[in-house]
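Shared between the two complexes below is chain A, which has chain B as its partner in the first and chain C in the second.
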Partner chain A sequence: MKPKVLLGKVGLWSATAVASAAVMLCIAPTTARALNVPTEVTELGKNTYKKYCSPCHGEEGKGDGPLARSMLPKPRDFTRGAYKFRTTPSGSLPTDEDIFRTISYGVPNSTMIPWDILTEEQRLSVIPVLKSFSEAFEVRKPDAPVDVGLEVRPTERTIAEGKKIYEEKLECWKCHGVEGRGDGPSAGEQEDDFGFPIKPFDFTTGKFKGGNSSRDVYLRFTTGLNGTPMPSFAKELSDEQRWYLTHYVMSLVKPEDKEKK
Partner chain B sequence: MKKLGLGLCLTTMMVFTSVAMAAEQPQKKQSPPDLYEGTPDWYRAVYKDNVGLREGSGPFKDYFKPQMLDMYWQPNRHYEPMKNLDHSIFIEKERRDLCVTCHEEATPGVVRDWRSSGHKNPKSTPYLSARTAEIEKRTGRVLNEVHCFDCHADTQKKQIRMPTGEVCGECHRPQFDDFLREREMGRPNHIQSQEANTIVPWYAEAARRGYLYGMHGCDLCHSGAEKCDVCHTRHKFSAAEGRQPEACITCHMGPDHPDAESYGESKHGVIYHKEEDHYDFSRPLSEVRPGKDYRTPTCQFCHMYEKHGKYIHNPVMKGIWRMGTIPPKNLEYTSGLKDYPYGIKIIGEKIDIYSEENVAKRSYWLEVCAKCHSDRFADTYLKSLDQFMFQAHKLADEAQKIVEDLIADGYLYPSAADRDPYPLSDGIEKQLSPAFLGEPVYNAFKTLKGKFPVVGPILGVYGMFIQQQDNPSAIENEYNRLWFWYKLQGYKGTAHMQQDVSWWWGQAPMMMEMTRIQAEASRLRREGRIEKISVK
Partner chain C sequence: MIFVVFMRDYNLYTKFMINLTKPILILSVIVGFLCGDTQSSKDIYAGDTYTEIEVAEGGTVVGNVKYGGELAALSLNLYADMQVPDTSKPTSEKLIVSSINNGLKNAVVSITNIKQGKKKTVPLIHPLVDQQKNTFVPGTLPILAGTTVDFLNGDEELHNIHTRSTKNQPFNLGTTYKQRISRTFEYPEVIKLTCDIHKKSYAWIIVLDNPYFDVTDRNGYFEICDIPPGTYKFQVWHEELGNLEKEVTVHPKEITNIEFNYAQNW
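Right after this comes the complex of A and B.
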């Protein structure tokens, strides 16, 4: 190899390395950084909650703020400590990072907007306030986040395997519908732990409530959505099978339908 | 590379040239749109200046507090931003995306409406694109999307605002200015409809007697003064929708102006309903080809035609008989109608049907009719309408004379002295002046404190809006029904060519009401005479 070519190769490789590092930094989830969550309820937290959260979630976190009555889905009632979007196992409390993620990214298909309009300090300050609404945080600690491990690469085979699980093994279609539109035969009968009717998720919208990455979707199958009829499949399915199911439901997204919505 | 350089050079030149050209043609300075332009200070102070829900509107504002709903009907005067959620942060940071993210779920109908509107895609068709280009030129803005934020964000106060016509007028200035011209014609019109709602003393009187919410129906129609969505419903704000007769009928119906009923059941309206799918409402009125785009006319096609092929964005310019309430000058009256409007300055004079202005207006009507009818047929028809109106006003005059004579002869029972006064007489004396009412009427209020009968147009119509102890009496309201309901129903039936409305809702009940008035007058006189004899 001529020195010039070698130099070129080295240059190319280093450029790629630098670029990858930059990309990694950009796409690294916010939660990967250590968050400076206040341990106690602060004035900032109280004020931020009162001004921006309580109109929907209520002054005491019961999900009964003045705007809540006409809202569907209903705002979260924090008093039970039941949080849908977690990295912790089914039934566990969420980590601070989980709560921070939901505040920052919001919950698609609901009026919970991404509150990135608030400063990071404001968003963090609200976390102890939310936790103060439920005794659960006093008596328990969140379990350790589940180990997501290495993602299985999506292929036609994994999607086909996922389809089998969706249609035969778990019969997800009963709630989520054969085409994943959230319109299965039992869809109309579902209720959350608070007694409100809850609609099974429509995968075709592509707006996954807990985040759109395959890791996010995989987490939902692994941890379940506390407070809802959606259970965890950590026991029923192997790690690989949960990736298959992830790939299958993500294949149901229909961008053209999204536009129509 | 050379080509690139040349291209750059040319582009730069073009940019500079266009900037220079833009600089040569400075935008014509225009005052910001103001629905109350040209009105005196006192008027703005009681109709436009925002007082939230603390006070009412109009000269009698201190006598009632508005319903909370009124903030939506008359936003300039009464709107208060919501207190539950402070939206200032979204406005300060101009987070347009978040409006849609939240409201797509909170109020999905609104967002879907907007998504399908011209505001979301102002350049989606060649027609829209051309209109948008005009607005861009006029406003110096680039309009690829007109967003929630553009209309609802008050960036100075950092509050959510309820858009009024002034907000729409920032872009839709020609339409706004056309609408403003309604003031030239005076009431009845749309732009002063809120004024008409609360300037009448019975509104405040009803409110203070505990009937505020009974006037919900009044408020809903009379909100047409400030908001464009009365005709172009939110959040589509479609011009095509505003061209359909249905845009008018939620208000223009019922006993005092059965426009929906009379047009709807006329041949014009029936054919429209039958062939509605073939009407092309996407075309601007001035480009509508009668017989092709419309087989029969719509409300807008006739009433928004100004003259000589030109349409105007208001439907009152050609009005001759107005709403049929104002007596014509061209009759000999036997009743007090000969003195109408009794020196009152805030009520229009009698109408001279044959004034130069009205004769010209009639010719503009004929220009519209002649698109399908012969000039002679149309002229004959409209002349027969005039004759109908003369007859109807004559009948009203006779009825008014009966009631007036009864009162003059002292047979009204209970007499004006023994019953509740005219609505809000104390307020009229305090808030109005001879400049508004004229000396004689003002002095009557001052000396008699409203203990006198008021019969006929316009002030006598109070009896249809409020009932106080023995005021009005049965005969006064019988007369009100004759002139304010049946005369106007006959007018609309005749004007809109609906024979049944003309006769059975108009002429026939007018005559039957006359029977009642005569009978009631005879009864009162007879009882009065018996009483006099027995007292002796």
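Right after this comes the complex of A and C.
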């Protein structure tokens, strides 16, 4: 082989290497970085909790702050260790990332706002404070998060299959209503673990409480919402069926309602 | 003396302290964690103080739990005037009282302060909680800590099983026809089971830390056997009427009769 050709080849290879490295850097997820959660309750955490959280959630985390009376849904009572939005199986404690996500993004359709006005350090420092309210965190450990596989491509067929599950197999309509407006026959009598009335979610609003991506919707009925009547369907549905149901539920969102206003 | 030496060479002192404080801090944290762990788990496992012995001359306690109140005080039927489908009508009442002897069903009798006694044997065949016609059968299930309970959906429609507990991992699972779920309950706790789709149906699982317990039958009778002789506190638990306590002396190889009576104004 002539030296010139060899040089050309080496040049080509190095160019591809550099290019692929650049591409890798671009693709690399920027969100998935490890959170630096303090392991023990810090002064910063205590102060942040007292100033920003305790007006609703109460000084001792019982969900009985002075503002809580006028709220429905009620602020979460942390003493049971029941957290709604998790990536862990039904009944399990949440991971630190789950708590951080809920604090950072808030819960739509409730009085929990996204706390992005706080610095990341402040939000992280609250997590051990929340955990210290419940003895559950001393006794149990959170289970491993649910493995969300690759999403099935949404098509007409998957939506139709999802509709079958919604209406026949799991009878979601009993609470969430046939059109997903949260007005099913059992909707009126639901209450949460703490005895407060709770409304089944109205899918047509499109503001899903645990996040709007299909992955979030998938996780909600895979893991269930702890402390509420919403069960987990991890045992009943295969992975594909859950994606079908996700697509159907997301197809119930009615954007035209907004246009009317 | 050492202090004086250190004071003379302040630099050495600080170095020494810095070098020493770190491991001491880490060690104390570790020791603290260990101590904390053992203590808290002891609190939870009251059974740690329970020792298993051979009970050769054990006594037996049989008895009756009665309800002295008026039966007219049963829970209100809010659906009396409404047209509701049969499936959502309440089939279980909170107070099930025998008309023959006022015996109270589904009350759990247990010994609370027993230190040693018969072996804790976890049943190999799992106790079953079935959902039949929107009702949990049985309605009250006392179990020994560590027992695995099977939950079965015997109806041809969707149910969910929702437990509220703190120490034992709670769960809320949707089940279709003939779905069977097994769960182990590790810590003593009173747990309420509900089906949220059929709000009227619920059940209780009482997890206890010693093997001396029984649930009353439809005439309010119970029997606890192989108790080592001595004086014990017997407790009755009922979902609606609360707790009753009584001290009973158990004699070897004898049957002791006791009676619990929930008074009118409970």
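Note that the second predicted complex is superposed on the first by the 226 of 261 C-alpha atoms of A that agree within 3 Å, B and C clash if a C-alpha of one lies under 4 Å from a C-alpha of the other, contacts with A are read in each partner's own complex, and residues count from 1 in each chain.
We adopt the following convention: contacts are C-beta pairs under 8 Å (C-beta built on N, C-alpha and C of every residue); 3 or more make two chains touch, one makes a residue touch a chain.
Keep in mind that what you see is a predicted model, and the values were worked out from it rather than measured.
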Would you check which partner chain A:P38 touches, where first means chain B only, second means chain C only, and both and neither mean what they say?
neither
Where does A:P154 make contact in the superposed view: on chain B (first), on chain C (second), on both, or on neither?
neither
Have a look at where A:S110 lands relative to chain B and chain C in the superposition and call it first, second, both or neither.
first
Counting residues of chain A touched by each partner, does chain B or chain C come out ahead?
C
Which partner does A:G206 reach: the first (chain B), the second (chain C), both, or neither?
neither
Would you sort A:P55 into first (chain B), second (chain C), both or neither based on which partner it touches?
first
Touching chain B in the complex, chain A uses residues 51-52, 55-56, 65-67, 70-71, 106, 109-111, 113-114, 117-118
Within their complex, state which residues of chain A touch chain C.
79-82, 90-92, 134-136, 138-140, 169-171, 174-175, 186, 189-190, 193, 224-226, 228-236
Note: in the complex, chain B contacts chain A through residues 84-86, 89-90, 93, 95, 98, 101-102, 105-106
Flag every residue of chain C that touches chain A in the complex, lowest number first.
40, 44, 157-158, 160-164, 166-167, 169-176, 179, 181, 187, 196-199
